[in-house]
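The same subunit A turns up in both complexes below, where it pairs with subunit B and then with subunit C.
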Partner chain A sequence: MAKNNMSKLAKREEKLAYRLLLPTVLILVLIALYPLGSVFYTSFTDKTFAGADKETQFIGLENYKELLSITIKELPPILDENGKQKIDPKTNEPMYERAIRILPREPRRYKELNQFTLFGKRYVIGATDPNFISAIWNTLVFTVISVALETVLGLAIALVVNSNFKGRGIMRTVMLVPWAVITVVSAKMWEGMLQPNRIGFFNTVLDKLGIGNGQIAFLTTEGLQLPSIIAVDVWKTTPFMALLILAGLQLIPDTLYEAAEIDGASKLRQFFTITLPMLKPTIAVALVFRTLDALRVFDVFQVLLSSRKYSMATYNYFQLIGNRNMGLASAIGVIIFIFISIFAVIYIRMLGVDTDER
Partner chain B sequence: MRKKSLIALMLVFVLTFTLFTVGCSNNTGTETTSNETSNETTENTDTEKTESNDNGKSEEKIVITVAGGAVGNELELTKKAAQMYMEEHPNVEVKVLDTPDLAQDRLGLYLQFLEAKSPEVDVYQIDVIWPGDLADHFVDLNKYGAKEVADDHFEALIQNNTVDGRLVAIPWFTDAGLLYYRADLLEKYNLEVPKTWDELEKAAKTIQEGERKAGNEDFWGFVWQGDAYEGLTCDALEWVASNGGGTIISPDKKITINNPNAVEIIDKAASWVGTISPEGVTGMAEEDARNIWQAGNAAFMRNWPYAYKLGNSDDSAIKGKFDVAPLPAGKSGKGAATLGGWQLAVSKYSKHPDVAADVALFFASPEVQKMRATEGSFNPTIKSLYKDEDILEASPFMGKLYDVFINAVARPSTATAPNYNKVSTLFFKAVYSVLTGEKDAQTALEELELDLQDVTGFEVGEPKAR
Partner chain C sequence: MRGKKKTGYIIKKTAFYLLICFIFVYMLFPFYWAVNSSLKSEAQLQMTPATFVPRDPETKAFSPTFKNYISVFKDGQFIRGLVNSTIVATSTTILALAVGSFAAFSLGKLRFRGKKPALYVILAMTMFPQVTVLAGLYAVINKLGLSARLSMILSYMLFTLPFTTWVLTSFFKDLPVEIMESAQVDGATPFQTFRMILLPLTAPALVTTGLLSFIAAWNEYLFALTFTSIEPTARTVPVAIQYFTGVIARQEPLGEIMAASVIVTVPIVVLVLIFQKRIIAGLTAGAVKG
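Coming up: the complex of A and B.
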């Protein structure tokens, strides 16, 4: 639309529209942009939380460097007198120089994050803040696996409660119970069930089945922590997924299925050619919702793992409350924000959620 | 038309803005009231209100909110003390706000009140390690009459709570790590009370094997606090100090933790996990350990004195079957107990600091401390109470272990202020990584030493013999 072609009336209408938008814009600035902006600003300072009258200094990108610096160094093998690599007598594994001697200490110190072997050479990954790097990793693993499981299970449940059967209404209501329980409460409940002794539900059941010794420490054993957390989240959030997908299912007109029936398409064929394509926008929206939520996961991690394993959000809490490091905590907040934006953009591009594309 | 639309615009704006602000303040209002109503004893306040009306007093009641702990029967006793105060001062209403069990979570809550300079909470129950960090937010109690009573308390605590000459908190109860043991089981297996960690290991193993054979598959030798939190700092400091490994950072600001004695004892503790202590010990705080102990499923427990009274309560499976002793010794030949305990501090953002200080001083008075000692086995901080017959009768260990309490090892909170929390977190994280088998103690402590240098900027030194 070219502006100079507009009639006077249209121009006036436009002006009025802008004026009417003004309060909304102002409120948006007040409640969204101002806090966000101040988080961005604080992330460039060394502000102390509840620091009374302590002075705050502007330190540029220091917080981000502290959080995100990563390096990879090769570990030289330890050689014996004959120039051959030494073998650990206890574990029978070849010995390498200790990572703490190889990783740089100036200007900032790198701590060991992980080691890996590639083409017969041993490498160490060092990070200035290994806790945060592993928090990012934990959060991503949690997000990908839990959202994938929730989508598949949610779809299955939605298909079931969408079909016609007696007591469908009750089923739909009961299905929502886990979603209705406050996360902290349900996490506490699961903590009880996951207890590392026979007071816990899972240990009792597994013990009866002859698995484990009734002392499985779900929340303190490294390999069981994330699976436990994911299980709790899947239990809680699958109903939400099912509800969203159910709404999508009900938008598909029955006539399509009737036509398919007449054409002789099998149920499976109907599912893949009618149900799934028609559900795509709904699933896309549901995925965006859940992924963005999962990236910010706090409550399950805080209740079930506290300082043992961090998600990005619980590490943020720990830096703010535990170490009173408001600058660093703000930087973490900004990084979470960036992560979420990246995911949001990817989804919108890939799934075509954008409504303007017509 | 134009003017009208402008006016309408202004109106809309003003309306939405007020709605927004009102909405906000309403929210916070309901939040705090719901917090308070859940904790106050509503009946009492009601009757008192009518009483004061009868007396014809028109002035409003002063409300003082005390943020207190709720471990074991702590909350109950704090409410009782509040009741005692209100009976003497009908014009004051003392509310008790219960706070999270884990010290770290409690600090988090406090910091949010303090950052907002909130007058909601007047008196804070603070940990022995916080006075240095939080001093700026509290009033000098010496100015409110604490000077006269300060000498009655343990000197170490008064010194700990005095920051730049200001007494920022009055000691309320003191704590020291104790070894709880099942006297009946030691007798059954013909064992002595362990004096060293090696003896403890052996005794725990014998009893655990015996009890499991006898049918209790859930029985464990030794339970303690192994979760990654401040409690682990306390437990590990006891191991290290008892083995002649120093106190992480010495009072003269030297980093002493990376030494062979410390490495040895932390590796030893790691070997307990899954043998004499459950795998789940690395997720245990005070109450988790006490639950196992009090159900009769452990031979030994490391815990604070509060568990004594609870272990002898009527619903306890081990009532009258246990006793307490000093913690075992390592190489140094002496056991070590970490100094714990809680203080009462008055917020400088309080609306009635004078009344709040009076409440705090009343709570820390011999009268209330005696009530808490007899009914909850909370150790008094007033020296003379250790000779009080009622207290000694209720908790005989207080007299017997007086030396343990007076010689308890302080965490390096003074030397490292205001970085103590970072130091402690690094320490318990390092120990935790050893307990879970992620690292060996040598590597963990070597890294810890470098981390501590980064945080504090102190030199490395050798631990001194205690």
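Coming up: the complex of A and C.
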């Protein structure tokens, strides 16, 4: 009798669950199903954007091959008459065959991406689309470093504004200001501050401190580009992390801390045994959404670096708007989707957000 | 012995306030720089070295100009943009919170088959870059024949709904099962439990996700640009700012853009000031005992 009753209850619960999910599913099906489906489909075609001059063909995996083909070839040394390796008289470096002569041209032309030396042998990495391969690399470096910094800073700030002090309300508001500034505008703001002369804030200050010559080109010097972009993004999105973590802190019952206090646990110990484990689900969700946004980073890259250095999304934009290659752009979209799924699954598995019993 | 303790306390307190000052400056400085730039004239913006307050190029005296603000407010488009942004962002937030909290309650607290796939599918909806889905989305919106404002609200669901659903799910899951059980013993239906007990308890999460969604919708640019292209009166602020024309032909009116972005940020700051009080510890601990 009791069991029968339970299953009836369970059935009712299940029915309610589906009913509550329905609006979300309906909205998402309405606005997401067709666009996402067409991205997948288009990625297998050679469709062009705003051009009806030719028929769209189904070309299978061609777009993906075009984007992702990589090869590694050994570069043979250039030998002189005596069979010894030639040394460049200018740089004093041993000379190797030029990469362009070694890399395959058929069926696809490979261009040089990078060179490295291993066990005294010289190798060249070739890619059919070196711009995209480096865009992937830039995006991954950007994502890992900026998300890590944002998490740590966000956690620190959340802990600070969670404690009781005068002006806490104001601090909680101040904390959100960077997130509130329109992204394109914030990128412009930073562009102004990062100007390569003393019109910009950083060069003015660094010059006063005697660092640099007031002419540091933050956005055109290869080694400074990614760090500058990361700094901008960390400033902009740390509030997102901080606010989510702050909300997560509210759910930890005070009684846990009181008990720990009685047991004589230090504040640091309390942090590692209570705060961090209890925050795990919140941090996981925040990480998923931050990483998702970081892998799709567009505005900061577009405004600050435009075509000097691509992220996956700005390269996507370039292919779509600049080259009107909609098929290729869609394939890039799918590749970004795959990267995001991999990260999402890793987080969810590692931090166990999708398990029921915790 | 007591003296030592006291010094330690003072040092701790000072370090804490230094930390707060540091965060304060770090978070606010670029915004201050925007305010600073918005009060400068074209000539003052080009001064080297850059000045921390608007100064006269000749006399170096403090001389802010409000001409950027005046011209922004004279621009009818900007005011209309503010109204449009308010309508769109508010509706988006309310819709995403309402629909999302239903789904989150279901995913976080109810038992049913297919929960995991549902979670993953909802997340997958938001994993594509905006540029890529734009063409398809435009086709759908065209087919539905919606007005520009409605199109924006609906298309913003693409990034706000999965977000609110996921965050709220993790919060609902965190609430002790005892609350639901004790409510059930008292004869409440699951939906009553949700509305009367769980929803108030997750107020901090609702406010947080609401604020974050509101800001995301308020700042969205690409969809807004696309969907208002044939209906310019529906332009939101981020789009309207793009259409500013400079005093000097073809030169970007940096001062005006900065003035506009300062004005646009103010409503959000006010909103956060009002709502941040709600981000306080819920009654979780007490509720379980009772």
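The definition used in the following text is that the second predicted complex is superposed on the first by the 322 of 358 C-alpha atoms of A that agree within 3 Å, B and C clash if a C-alpha of one lies under 4 Å from a C-alpha of the other, contacts with A are read in each partner's own complex, and residues count from 1 in each chain.
Quick note on the criterion: contacts are C-beta pairs under 8 Å (C-beta built on N, C-alpha and C of every residue); 3 or more make two chains touch, one makes a residue touch a chain.
Keep in mind that this is a model prediction, so the values were computed, not measured.
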Looking at the overlay, what does A:Lys111 touch: subunit B (first), subunit C (second), both, or neither? first
One more residue to check, A:Arg98. First (subunit B), second (subunit C), both or neither? first
Touched partner set for A:Arg198, first subunit B, second subunit C, both or neither: both
More residues of subunit A in touch with subunit C or with subunit B? C
Tell me which partner A:Leu16 touches in the superposition: subunit B (first), subunit C (second), both or neither. both
With the two structures laid over each other on chain A, which partner does A:Leu243 touch: subunit B (first), subunit C (second), both, or neither? second
Using the superposition on chain A described above, determine whether A:Ser306 touches subunit B (first), subunit C (second), both, or neither. first
Could you look at A:Ile27 and tell me whether it touches subunit B, subunit C, both or neither (first, second, both, neither)? both
Please indicate which partner A:Phe119 is in contact with in the superposed arrangement: first for subunit B, second for subunit C, both, or neither. neither
Regarding the shared-chain residue A:Glu222, is it in contact with subunit B (first), subunit C (second), both, or neither? first
What part of subunit A is shared between its subunit B contacts and its subunit C contacts? 16, 20, 23, 27, 30-31, 49, 197-198, 214, 317
Touch list for subunit C against partner subunit A, complex: 16-17, 19-20, 23-24, 26-28, 30-31, 33-34, 37, 45-50, 99-100, 102-103, 105-107, 110-113, 115-116, 118-137, 139-140, 154-155, 157-158, 161-163, 165-167, 170-171, 173-175, 190-191, 204-205, 207-208, 211-212, 215, 218-219, 221, 237-238, 241-242, 254, 257-258, 260-261, 264-265, 268-269, 272-273, 276-277, 279-282, 284-285
Please output the residues of subunit B touching subunit A within their complex, sorted ascending. 5-6, 9, 12-13, 16-17, 20, 102, 104, 107-108, 111-112, 114-115, 133-134, 136-137, 217-218, 227-229, 278-280, 282-283, 292, 297, 421-422, 425, 428-429, 432, 436, 438, 443, 446-447, 450-451, 454
Residue numbers on subunit A that touch subunit C, as the complex places them: 10, 13-14, 16-18, 20-21, 23-25, 27-28, 30-32, 34-39, 49, 157, 160, 163, 165, 167, 169-186, 188-190, 192-193, 197-201, 203-204, 207-208, 214, 235, 239-240, 243-244, 246-248, 250-251, 253-255, 281-282, 284-285, 288-289, 292, 296, 298-299, 312-313, 316-317, 320, 326, 329-330, 332-333, 336-337, 340-341, 344, 353-354, 356, 358
Residues of subunit A defined as touching subunit B within the complex: 16, 19-20, 22-23, 26-27, 30-31, 49-53, 98, 100, 105, 109, 111-112, 195-198, 214-217, 219-222, 306-308, 317, 321-324
